[in-house]
Amino acid sequence: MSDAPLQRSNDSAQRRPATPMAQQILDRGSLLDDAKAVPNGLKAAGAVLGLGFLAVNAAIAFIVIDGRLDGEWYDFRDLGNAIARLRAELDDTSAGPWLSYWVTGVIGAVGILSFLGGFLLIGSWIERRLLARFQIRMGPNRVGPFGLLQPLADALKLMQKEVLIPLGADRMLFYLPPILVFIPAMLAWGPVPWAPNMSYLDLNVGLLYVISITSLSVLAIWMAGWASNNHYALLGSMRTVAMMVSYEIPISLSLLVVVLLTGSLNLGDIVAWQADHNIWLGALLPFAMFTFFFSSTAEINRTPNDIAEAESEIVAGFHTEYSGMKAGLFLAVELGNALLVGALLATFFLGGYSMFGLEEWIPPYLILAAKATAGYFAFIWLRATLPRFRIDQLMSFAWKYLIPLSIANVLVVAIEASIAARWDVEGIFIYGSFAIVNLGITAFAVRSWAKVVGYTPDLERPVGTRIAPRIGGLKEAKRIQAGA
Amino acid sequence: MPAGPTQLEGHRVAQALNAALPGIATTATDEWVEVDHARVDEALRWLHDSDEFDAAQLSNLCGVDYHDHFAIVYHLQSLDRNHQVVVKARIADHEQPALPSSYPVYKGALLQEREVFDLMGVHFEGHPDLRRLFLWDGFPGHPLRKDFMGIGEGLTSGLSRFPFENKGNPDRLLNRDNVIQPDEQDVPSDWSGAAPA
Amino acid sequence: MTTSAEPYVLNIGPQHPSTHGVFRIRVVMDGERIQDLDMIVGYLHRSMEKLAEERTYTQNIPFTDRADYLAAMSGNLGLCLAAERLADVEVPERASYLRVIFAELQRIASHAMANGTLVSDAGAWQTPLLYMFREREKILDLFEMTCGARLTTNYMRIGGVAFEPPDEFWPALQELVDELPERISEYEELLTQNEIFVARTRGVGIITPEDAINGSLVGPALRGSGVPWDLRKAEPYCVYDRMDFDVPIGRTGDVYDRFMVRLAETRESVKILRQAIAGIPDGPHKTDIPLALRPEPGEVYGRVEGPRGELGFYLVSDGGPAPYRFHIRAPSLINLSLLREMARGAALSDAVVALGSIDIVVGEIDR
């Protein structure tokens, strides 16, 4: 080799890829190449189907504009109308309200369960593929086209595994938690409004119901850790209980401000308020939205707050000893809860099924499903990116930071709510100014309270390494320390 | 000659040691100084505290089995002066070797002394937690000893001759076609050497 | 009914997602605080030192691959340097340059693994680890191109290196060296200001310089405590005395400093690689030594600055083809002496992160 550095040939056609890995990267075709490779017959069929789809959409658009659908039982945008009609018909029969109650209840439950079950099947796939994409790799792509049958394969695998019960475990307390943790995850979907007439449980205290039902899973996790007769599991469940209980308060406080502004605990009313005033509560209450989102990651044990199942420390935390479908249920519940929080976030802060008038064209339940999935995507994004907090950092964050700021938030929003009630000004001015004021107060309070609680500049911009001018030992180290 | 640690002359170290602690250094060569094994911790402490040698760090603590005696070798490194002092302690007792531990002087000797105890059976007095490190408590014997029972009667570990050395041209391992031919003569391929005389 | 609180014993390992190999710790805990910690090693003990007494020096080179399997090139280099000193063998200049290139490539790969697993232990679900593995994969491809193996390379020989790198090695190396600095900047941007990571690692596992030196700590852990000691500068071997590079040191000796030191060392390695590529002369890639190498009776302690610190080889020769005593001074084992002090009083999460920052390889601990 001469002294001159190597010249790289700039002729890209001549340059072979340097390593086998670079060759592999080049060999992978792009989507455009795949699209060009589709046979002509399929392309023609696709074109025909596409035109047909557009035609159907045009017909729907005409009907909607014409106003023929509103309120009718065949209004597919709001399946609640069909249910109401069914109930009216059944009420008229001899069996009376008893039959209508049960039939519509079963139909609604089947609807929710099939949605949830379908999501659990596809959600695992979404999570693994998306996580892989964040990590520059492929994710499951062997089982079925694009790996779509992977969740099915996982479920079958888990079902045929041996049921292991640790020697000193309390049998009943060991069997119950997987079931008990699934029940709140299902029940909390009740009050979620999918369309103006379409919520399974139209409770006047829907918000209270949601908060209380989700706290029941704490008991199940506690039971799981205790019944396993295992130090890892006990440690995991103690951490979980402490964390979940502490984060209940910020959640309740952040939802309290929602109630203050909208004046109702009914989830359908909250969404209707957002639709009427044409504003999302997340824009009005940024701090409450952030608090709800962050505290929910603690409630459902997801990163950055997944200390309870911190794989690198305590293997799997409270579900270490569970094998087979029991463990599968815990993992499924984590997924379902993530979607539930996404749906609740959408309902409270992102407008729910409303989308500034778009809900007349696209069925509102699809809009809510899209928003919930966007929330789920945000969870996966957080999981791929952030390291996890230590348990004492989590607890001090909740008690010393979130709770005082949430209380202050309640105070501020209470003042704003009374202003809105008394002054008779155009909605846009009032709520626009509230949004700006809230944003400003949030930005200021977050920074200054952080400093009060103990956030040092060293934590914010930590100092890196320095270059050693000379080699030496302790004396040299002290000299460098004193000099620099 | 490829580079390596600057090891101080053993004679110089022995002189300084004997001046401070009389009679502690028994022999010395160009590379190392040998000290009385019963007082090795004093020697190390003196070298650690002295300004001239400044043995701040224990680079390596190792045991060697010389068939009739043991030698514990200490490589002491001075970071500020960038030199190394090699101290050896010869233990004549081959059955129950023992010498004072250097843990009070160097905390880094904690696991290295446990390793020497485990693999060679040298007992370090004053070590806070002298247990076997790699092998389990009931393991019979100390493997790195030259007379460890797995070797056999009168044999010890080592190679008496280079493998395949007697076959044909002693400087070529493989013949022209890169194939190892089976033994032409009946040369035993013993991998264990006999104990030296 | 009276209740009492007593500490309980938690057993971490030997099979565990984060113990970096088969390594067992028994922790006595009081709630979340650690009261005492005991390490049990030996699950990977393969009696290398005993086996090496029956094999020639060249046959012992693959042992060093498997001792520290994440820094095989450095292990090979250490043994070859020690044996060359013992047998008084000269090494051609081109071989020295090649040795430097491969040792620095191995350092980058090993630091990528060490830092990646540290961030995984802190909870980041392997995303930074897989990002750092991009570069490590390219480096392992280079190794495979040259000597046929990715991990246990067995590349250095007494008197030089085993093979001349093929023609496609040099463009690939140049490409890697060109794109590494911006990749390192990417990792710095993602991780060093990430507040969760900083909160997990700042102020955790602090070791003072006095404790570090007395506890025989070496390598990036020692430099993280602020002690400027690097064997490549203190006793330059191969052609390190012609290379212009810096030694980064930390300020406080916590986990964050050790992480930053490793990251900065990766940058310095790229500098060294550039200079080595530019300055490598033509010539043979190894000298001819007699196949039946019988060094004069004597002893030698040769060492290199491996990715984990001072990797030393103590060889005693009795004039025969095999070494009389073959001892590997393993930095991972000796760096572990301070784990107990670091972990006492810390939370379990902190102990796990501190263990990750010492960067142990169990093959080297147990040999």
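Descriptive notes on the structure:
The chains carry the letters A, B and C, assigned in the order they are written, with residues numbered from 1 in each.
The criterion applied here is as follows: contacts are C-beta pairs under 8 Å (C-beta built on N, C-alpha and C of every residue); 3 or more make two chains touch, one makes a residue touch a chain.
Source: prediction; values computed, not measured.
Chain closest to the overall centre, judged by the mean of its C-alpha atoms against the mean of all protein C-alpha atoms: C.
Two chain pairs, B-C and A-C, are compared here, and A-C has more C-beta pairs in contact (counted per touch definition above). Centre-to-centre, using mean CA coordinates, chain A is 61 Å away from chain B. Each chain gets one centre point, the mean of its Cα atoms, and the points for chain B and chain C are 24 Å apart. Taking the mean of the C-alpha atoms as each chain's centre, chain A and chain C sit 41 Å apart. Annotation for chain B: residues touching 2 or more other chains are 56-57, 79, 82.
For chain C, the set of residues that touch two or more other chains comprises 213, 227, 229, 234.
Contacts with at least two other chains are made by residues 471-474, 476 of chain A.
Those residues of chain C whose C-beta lies close enough to touch chain B in the complex are 41-42, 45, 47, 49-50, 53-56, 81-82, 84-85, 88, 91, 211, 213-217, 227, 229, 234-237, 290-292, 294, 299-303, 310, 312, 314, 316, 318, 320-322, 324-325, 327, 329, 333-334, 336-338, 366. Of all residues in chain A, only 1, 3-6, 8, 15-16, 18-22, 131, 134-137, 231-232, 235, 303-304, 306-307, 310-315, 383-393, 458-474, 476-478, 480-481 touch chain C in the complex they form. Of all residues in chain B, those touching chain C in their complex are 1-7, 31, 56-60, 62, 64-65, 73, 75, 79, 82, 84, 86, 106-112, 115, 119, 133-136, 143-144, 148, 157-163, 165, 170-173, 191-193, 196.
On the chain A side of its complex with chain B, the touching residues are 471-476.
Here chain C touches chain A in the complex through residues 8-11, 16-18, 32, 119-127, 130-131, 134, 137-138, 141-142, 144-145, 168, 170-172, 174-175, 192-200, 202, 209-210, 213, 223, 225-230, 233-234, 246-251, 256-257, 260-261, 264, 277-282, 347-350, 352, going by the rule given at the top.
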